[in-house]
Amino acid sequence: MSDEKIDVDVEYLTRVEGHGNIKVNANDGQIEKCEWQVIETPRYFESMVVDQSWKELHHITSRICGICSIGHTLASLKATEAALGVEISEQDKLLRKLALHAENMQSHVLHVGYLALPDLMGEGSVIPLASSHPDELKTVIRLHRLSNEMSDMVCGRTTHPQRLIPGGFSKIPSEDELLQLQDKLKNSFNDLMAVADLCEEKADKFPGFSRETEFISLTNEEEYAFYEGQVRSTDTGVSPITEYEDITNEYVVEQSTAKFARNNRSSYMVGALARLNNNYDQLSPMAKGVAERFNLKPVNHNPYMNNIAQLVEVVHNVRDAINIIDTLLDNGLEPQNEYYEPQVDVQKGRGIGAVEVPRGILFHDYTYNEEGICTSGNCVIPTNQNHANIQQDMEKLAPELIENDKGEDEIELSLEMLVRAYDPCISCSTHHLDVDFVE
Amino acid sequence: MNAEDSLYNPQEARIIGKRKLTDDTKLFELELENGERLNQEPGQFVELSIPGVGEAPISVTSSPTRGLPSFELCVRAVGNVTNALHEKSIGSTVGIRGPYGEGFPTEELQGQDLLFIAGGLGIAPLRSLINYVLDKRDEYNDINILYGCKRPCEQMFDDEVNHWARRQDIYHEATVDFCPDNVCWGGNIGVITELIPGVDIDLDNTYAVVCGPPVMYQFVLEELDKKELPHEHIYLSLERRMKCGLGKCGHCQINGAEEVLYACQDGPVFNYERVKGFEEAV
Amino acid sequence: MSKPKVAFFDFAGCEGDQLQVANLEEKILDLLELVEVVNFREVISQKSDDYDIAFIEGSIASDHDAERLREIRTNAGIVVALGSCAAIGGINSIRNSQNPELVEERVYGDDADKVEAWDKAKPVDAVVEVDHYIYGCPIDQDEFVHVVESLVQGKEPNIPTYPVCVECKMNENVCVFARNGGSTQISSSEREVQTPGAAQAEQGPFCLGPVTRAGCDSKCVNEGTTCWGCRGLVDSPNENAHKKVLDKYGLTVEEVLNKFNLYFGWQQEERNNE
Amino acid sequence: MKAINKNDFSEFVDDLIENDDREVVGVQTKSNEFAFDPLKSAEDLRLDYDVTILPPKKYFMPQRETLVEYNLNEGETTPVNQVVPRIIMGIHPYDLVAIEQMDKVFEDTHEDPYYLEKRRQSVLVGVNMANVSDRSFAHTMGTATTDTGYDIMLTDIGDRYAIEVGSSKGSNLLEKAGQAVDDITTDEIRKVKQFKEELPKKFKKDTKFDPFELPSLLKNYYENDEFWEENAEDCLSCGTCNLVCPTCYCFDVQDVNDISLSEGERLRTWDGCMLEAFAEVAGDENFREEKAARYRHRYMRKGRYMYNRFGDIACVGCGRCSEQCLPDIADPVEVFNQMKEGTS
């Protein structure tokens, strides 16, 4: 056991979205401080939505996060639609699911390919891969481009989508476009498998850490849930999304800036691994096949495996997107007018919208007055829900590493990899506390 | 599409000489790659093209009587194209379209007394005509050259200016707006308009040729009016931003109550009598 | 010529602009031929204080931000504001017109006093000098490429000074204001007849294209919605005339101000102070 | 004059779409307006439209067109002219007149091959105005009907279209319709005549001026600053009135490079004299800094400058600018009427 002084201090952790620090101090093998700190300047979205019209809310809240802007837009639209009593057509629902698949795939490919793979390949970043592993990098880029093409085609833009509006879509893709997209999706399996092979080769690089925790995600009898469903916990079972506040109980802790969340235990995890743990059986067979290659079965308690769960989900996204396009084309695409604006009757009310975004379950909750002006809003973002779990993982992992005589560098890397495995999107945290740390 | 058919495809020209004139102005000597002459008339301009950067209209500063087959451009670095040209070294190539526009009326000026008034970079187009006239000295009568700059270091073509000063058959005066204490300057100090009263003007035979920054025209023209020089005897070279040089893009239009002039087609050299009614001309 | 060193930094924003850079896909490899990326926290681990061009994303909203930004300004030869939050304050400036105490209370409740942030979100040039601006929420990839290519060549980038309507016209969109009536020119009596459903009449059509700087190829209008003003005001917007237009199409004064506040909050304040 | 059954005409159009090498474009609905777009089926062709958003000039002078491609590594430039041969269906007479005017501009002094080649490779199928937009005043400008400018011209006479052939391009096209094209009856000729005679009644604008008064009216008003300032007060400088105008052709030229800085292209794009930076010159000087100056310039061009240069009044009365100007200050009828009333 190490008896030296250990001081890990990672300011502005890289390769995550947003700003977070890792601080670990140990003396004589005794942890004095072990903190996951969040230092993002607050952005006040829940205030910014107040006094805004139902027509604008999704536009504003989309800006919570550039990477999950489609998910935020959809959670927002669902909340607005629930509040105003708006139903959308089956076709629009399918197109929205396609949009979520696109975003999930984009984000996961970015995370696995650009952020995690370099760690596994022993490179500091994706840039050296351009010369050391050009073919592998190009494979990843092709998948990334495909996901963005899908977003573009369905949403009119990859980041801050335009076509998604209350009541449906302002513009929809044509059958020809969908067919072309489907072809490209079908042709992407080779690339997907190449990335899976690459990860499998490096599977031993995933730390064998494990800590029992609770996993929360949407769940849906019909399908592996992204767009709609109820909330499922590995601890407490299924509950309606209207009870989201009882599940996410956000609370303030002294040692961190961010609000933490807890349900049954002192922390829980959301994201790809949580979804996989809850809904494994509904994965497409091909996705399951990939999971099996990594021995990833529910309930898996190794947070590092979140990366593999992401890979599995990408395969599922592609598979399901192909199926959705089949359904859309079989039903025959119902054309709509250019610059379509669905008829919406404004009413007073409150609505809650939940979707799965790449990093986990996301809730938007708005209240509108008779004129359709928002009077209050609340957004619970996945990364916020994960903060407590990250903190507790660190509290378990750090002593283990010290116990095993790991050096400072190695401890630092393992902790960084741990945080990155959650793919935290700190900038999208709508409410963080900016507390001064007393050292 | 054939290269010759495209109005917009520049000809390649090689930089065969490059010389610093002032801190921000350089003289470039160019030759068309196909070996042909440019065949410019004094006062005409070319569209200088640097692929990847853009195009800019530049007067040909050399006289067609000299240095053939090469030609010279005197360019001040003020923006994208001119900066990029300044970066080019001898031996590299640029694109040239043209020459375009109406130059100076060399035939009309034959046998007349000439008064050149150049302010700053305005010397660039005038130099072409001055050297043209000097090379055909006996076809022209008295020659007066007034050349003004902000400060001594901005005077260009020193050797040629000195040569004008030495020649007995030329009346030449140089002036600067301002001369720092530590600089030695043999010419006048003051704005160029102050030199005009000193020039002998024969109302029937003198033609003034003026080029300078936009602010200069108004004052020079007032001064010439005091001398009662007929407006038909004054020629100006005007500048506008241009996108084609071919009388199409609309950018170089000079607006008046009667009609509109295209600096690139109808000019850049204009007779003052013709443009004085144009609100936007000077 | 040695490659210019390029760094990306982010402040209060959604990081969607950096994502647009990542989304260049294959072109990223070309970009890497042209410049050396030394800081790009979202994607690479290395950090360096040695860079020529700094791209700043996000608004500045705390002393801590401002301090970090000043340091970057000292290190960088060229500072580029990347995206609307950095260039004009962006969506963050919605809160600038709200009561700051209410703002904190709505988000943090009882813990509001623990929050350390300015009452206003500010663009980068409110704190340090900015050399170039890339507008947009998010930025347009072609414009980013153009700016990088220009800076590398020592060119002044060409950013439109005209409004979005220009691009919208070139794309032959049906103008937002003409979508219900069949003509942009409708009298108020006609409008009531043409607008279906009383509930809808609560707000007329709006588009900020006429006062918003172009450069996005009128993206949002092409996609069937409206210009929200994300690229900020043109250099000399005729706001009065535009407000009259919005009024003509049925927006109340508050609604008009509300729209102008979506992205123009900070710019409006600046203009009023002039 | 010939005639063709409407059904046969549809079949003819479908046949062209299917079998002709050229792209077949025509007027179609775009939401609640009309636009020229590639035709997928004759069903979509709307020969009863009132006015399109953009005029057909976009086919001869595209919004963005590459003039020259270059290779930056080798310093080579290659001119390119992206010509798509087209059959353009449903051009109204005022737009045909505008195209004839535009032809003169691009033929003048230096012939512009980019425009002219696209013109040469297009067939213009005109149609007489079955409907008239509220803002149009083509009848006043003498452009509600035309005897020139088209390759063929259609007039709706009930079950059939009357066909006038204007050129050999037109007769060649018509040959492809084969037997379907029939001789016109005298009764139908009368119908065509009547159609044209009654057309002026369909216009709603109350014009008080004669087009050939415009050059002198404008000259008189040139220095009336107050007039221009008042009228331009609400101008957004959005350029809409330029861009949608069938006789506006000003352009900008820019170099666009790819990120690797190895290749690029010189692009010509639409520009407009109403835009603030249009008359900027080096040294930050702007010859038309005030919106009133730009506003005046536009009217001078329409009513006087082009007349002096080419003998044409460069407003064909389509009403597009007036319909699409948001502050509603671009209506030439209003401005010209004001002038006329102010001076008479």
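Note that the chains are named A, B, C and D in the order they appear, and that numbering of residues resets to 1 at the start of each chain.
Quick note on the criterion: a residue touches a chain if its C-beta (ideal position, glycine included) is under 8 Å from a C-beta of that chain, and two chains touch if they have at least 3 such contacts.
Predicted model, so just to flag it, every value in this text is computed and none were measured.
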item: Shared interface partners, meaning chains that touch chain A and chain C; value: D
item: Euclidean distance of C-alpha centroids - chain A vs chain B, Å; value: 65
item: Averaged-CA centre spacing for the pair chain D and chain B, given as whole angstrom; value: 39
item: Inter-centroid spacing, chain D versus chain A (mean Cα positions, whole Å); value: 51
item: Rounded Å distance, chain C centre to chain D centre (Cα mean); value: 35
item: For chain B, residues contacting two or more additional chains; value: 52-53, 79
item: Sites on chain D at which at least two other chains make contact; value: 30-31, 254, 257, 261
item: Multi-partner residues of chain A (at least 2 other chains); value: 338-339
item: Touching chain combinations (by label order); value: A-C, A-D, B-C, B-D, C-D
item: Complex contacts: residues of chain A adjacent to chain C; value: 12, 14-19, 39-48, 50-53, 55-56, 59-60, 63-67, 69, 110, 114-115, 118, 124-127, 130, 138, 141, 144-145, 148, 156-160, 162-163, 165, 169-171, 252, 338-341, 343-346, 371-372, 376, 427-428, 430-431, 433-436
item: Residue ranges of chain B in contact with chain C within the complex; value: 52-53, 79-80, 83-84, 87
item: In the complex, chain C residues that touch chain B; value: 153-156
item: Residue ranges of chain A touching chain D (in the complex, touch as defined); value: 337-339
item: Chain D residues within the chain A interface of the complex; value: 30-31
